[in-house]
Amino acid sequence: MWRWLHPYAKPEATYRLNKKILHWLAIPGMVILAVGMVWGLAFAPADYQQGESYRIIFVHVPAAFWSMGFYMGMAIAALSAVVWQIRTAEWAILAIAPVGAVLTFISLFTGAVWGKPMWGTWWEWDARLTAQLILFFLYLGVMALYAAFEDERTGAKAAGILALIGVVNIPIIHYSVYWWNTLHQQSTITQAITRFEKPSIAPEMLWPLLISILGFLFVASTLVILRLNNEILKREVRRPWAQSLLLKEKG
Amino acid sequence: MVTYRPFSIAVRGAMTTLLEAEGIMSVRGERTLFENLNLCVKPGELWQVQGPNGAGKSSFLRIVAGLLPAQAGEVRFAGELIQHGRSNYHSNLLFIGHKAAVKAELTAIENLEFYAAIQGQPLTAPPYELLERVGLVGLEDIPAQRLSAGQQRRIALARLWLSNANLWILDEPFTSLDVAGIAMLHERFAWQLARGGAVILTSHQALDNIPVAVNMLTLEYQH
Amino acid sequence: MATRLSIRTQVLAIIRRDFRVAMRQRSDLVNPILFLLVVVTLFPLGIGPEPATLARIAPGVIWVSALLSALLGLERLFRDDFSDGALEQMLLMPMAVEWAVIAKIVVHWLLTAVPLLILAPLLALLLNLPGEAWGALWLSLLLGTPVLSSIGAIGVALTVSLNKGGALLSLLLLPLLIPLLIFATAAVETAATGLSPAGPLALMAAITVLALVLSPYAVHAALRVSVN
């Protein structure tokens, strides 16, 4: 079933595929993101409960959503790297981790920024924010473990195992943190955000939100693909395919 | 209770291969240590893997033992890939690596007790005969960390007298041994080969005065 | 000559050897316990000895201190074996490596958790934990310490070949241990208010079973990588 994927174990095939995908991702992504951001931050109507400050959800929700999504992607790459020893997958872990970490950080930052005008605090141990904070540590752990090894392939395999263990733990962590939160009655930000994620959200707010989510996906994926191509080139620079490619691009 | 299928070596003179390594490639970091390396070990053979420092001798031994994955190639024991027949391979293999695997806090006897137990021959009485063979009589109750390097290595090598494994893979077994120790090892190798087992080892020194035939596998330093 | 070597023999040999080694390194065993006592003492000194406050924070303080002290004592699992070559030999034993891992986790648990279980009443006393919660505290420690040992083993296995693995170990393990912390403290707090701690304890039991069953495989994979 996965036979069509086999050629992409070779770095060269993935590199070329990435270049093709970039055509479709990069510019359209930036456009979509710009549309979503402008629409949401400037033109969508004000919320009857929260006024203008709710607009941060157009940044917070996509960032939080994709911070989880990219961890899943990283875990899939980790599975390929650990089980089938595919080198390109090892580099994919390295490519995705920092982007995911930044997305998580954006979600934390915007979550905190939201709290200030609404409830007067910069940080609240809200279930959602706490879960994002733990996710941030999980990303940092993968990056730190990868960097700590001298031999890169060993580092990639160790980081891959850690990413897989993280993925198994994430549902447990989420459940326990939300459970902990109901115990201590602190879910103000979660409640505020969940209102906007329920189906009853007004279409004037739903569309910019969906467009922002799509825009975030495209732009973050672009960054990951650029990073992956970078990693591929860095390691394959002496191979004939890379040499001829670079010569061609030069002139 | 699990039994491990012992590889029958009663078939003396048969040309069955004990261990076969084909097309082995190893890449460490940026450097390709070696590629397309082949080794075929038959019962009763002693192989010395030689080469300059850094050529990858230890890595090759570890790949053959199954501790290090090779980037290309296959290793087969008794015809079966070592990844598939792990328990069978391990119950017929004795690997003594660079690090002696001797617990510093335990005495020689306590270390030997552990190895005897996991090699299937639990010691019912203090192994004075064994200690005498490896020249550790009188030192058996001292924690290993207070013994010299050569004495610690003798504790590790004592496993060779507790073992009925068909294949011995030894990384620099002669390190820190004196002349008597070296002769003792040569004798043990002869015993192993005579019963149809095999030995693969690395050594910086040439194997002078060894009473058995030595097959060589030479690794060159790749730049 | 056929060798009848059972898994039980090999596992018992490992347990026997590791106990012997541990008894020759007594200070390694005592230090994490002393650390635990010192840390628990710091909280009243830092927060003030008001009994109601202490009672309120006792479950969390005891468990956080237990976590930190466990981190201190985790390295003993594989570090020495890595440096003297015993780890390689463990990977070459005829039985599945997972059994050897279980043997080592069992030894580690006996050496680190049993002192903690013995000390638990003392810690509860120092922090003024209400009497109703003492049983729940003990149960939570009984259920939770195996998780500390088994998930801790994964972290140690991943970092054993690194020089300065210690700080990295904390970063790797603490996020994974947060659910345990949440349910354990919830159990004790619930008991302290007079309600039944059965719910959180059941959740802890589920985590314990999951950790004990899955971690040997993860530790095996991690050890193979570290021994490379």
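Here the chain labels run A, B and C in written order, and each chain numbers its own residues starting at 1.
Note that contacts are C-beta pairs under 8 Å (C-beta built on N, C-alpha and C of every residue); 3 or more make two chains touch, one makes a residue touch a chain.
A quick note: this is a predicted structure, and the numbers were derived from the prediction, not measured.
Contacts between chains leave no pair untouched here, as each chain touches all the others.
Taking the mean of each chain's C-alpha atoms as its centre, the chain lying closest to the overall protein C-alpha centroid is C. The chain pair A-B and the chain pair B-C differ in C-beta contact count, and the higher one is B-C. Averaged Cα coordinates give chain A a centre that lies 33 Å from the centre of chain C. Rounded to whole angstrom, the centroid-to-centroid distance between chain A and chain B, based on C-alpha atoms, equals 49 Å. The distance from the centre of chain B to the centre of chain C, each centre being the mean of the chain's C-alpha atoms, comes to 36 Å. Counting only residues that touch two or more partner chains, chain C has 228.
The set of chain B residues touching two or more other chains comprises 69.
Multi-chain contact residues of chain A, defined as those touching 2 or more other chains: 151. Contacts from chain B toward chain A in the complex involve residues 28-29, 69.
Here chain A touches chain B in the complex through residues 85, 150-152, going by the rule given at the top. Residue ranges on chain C touching chain B, taken from their complex, read 1-10, 12-14, 16-17, 20-21, 24-25, 80, 83-86, 88-89, 91-96, 227-228. Of all the residues in chain B, the ones that touch chain C in their complex are 1-4, 6, 65-69, 87, 90-91, 93, 95, 97-106, 110, 114, 117-120, 122, 143, 164. Remark: chain A residues 82, 134, 137-138, 140-141, 144-145, 148-149, 151, 154, 157-158, 161-162, 165-166, 168-169, 172-173, 175-177, 179-180, 183 touch chain C in the complex.
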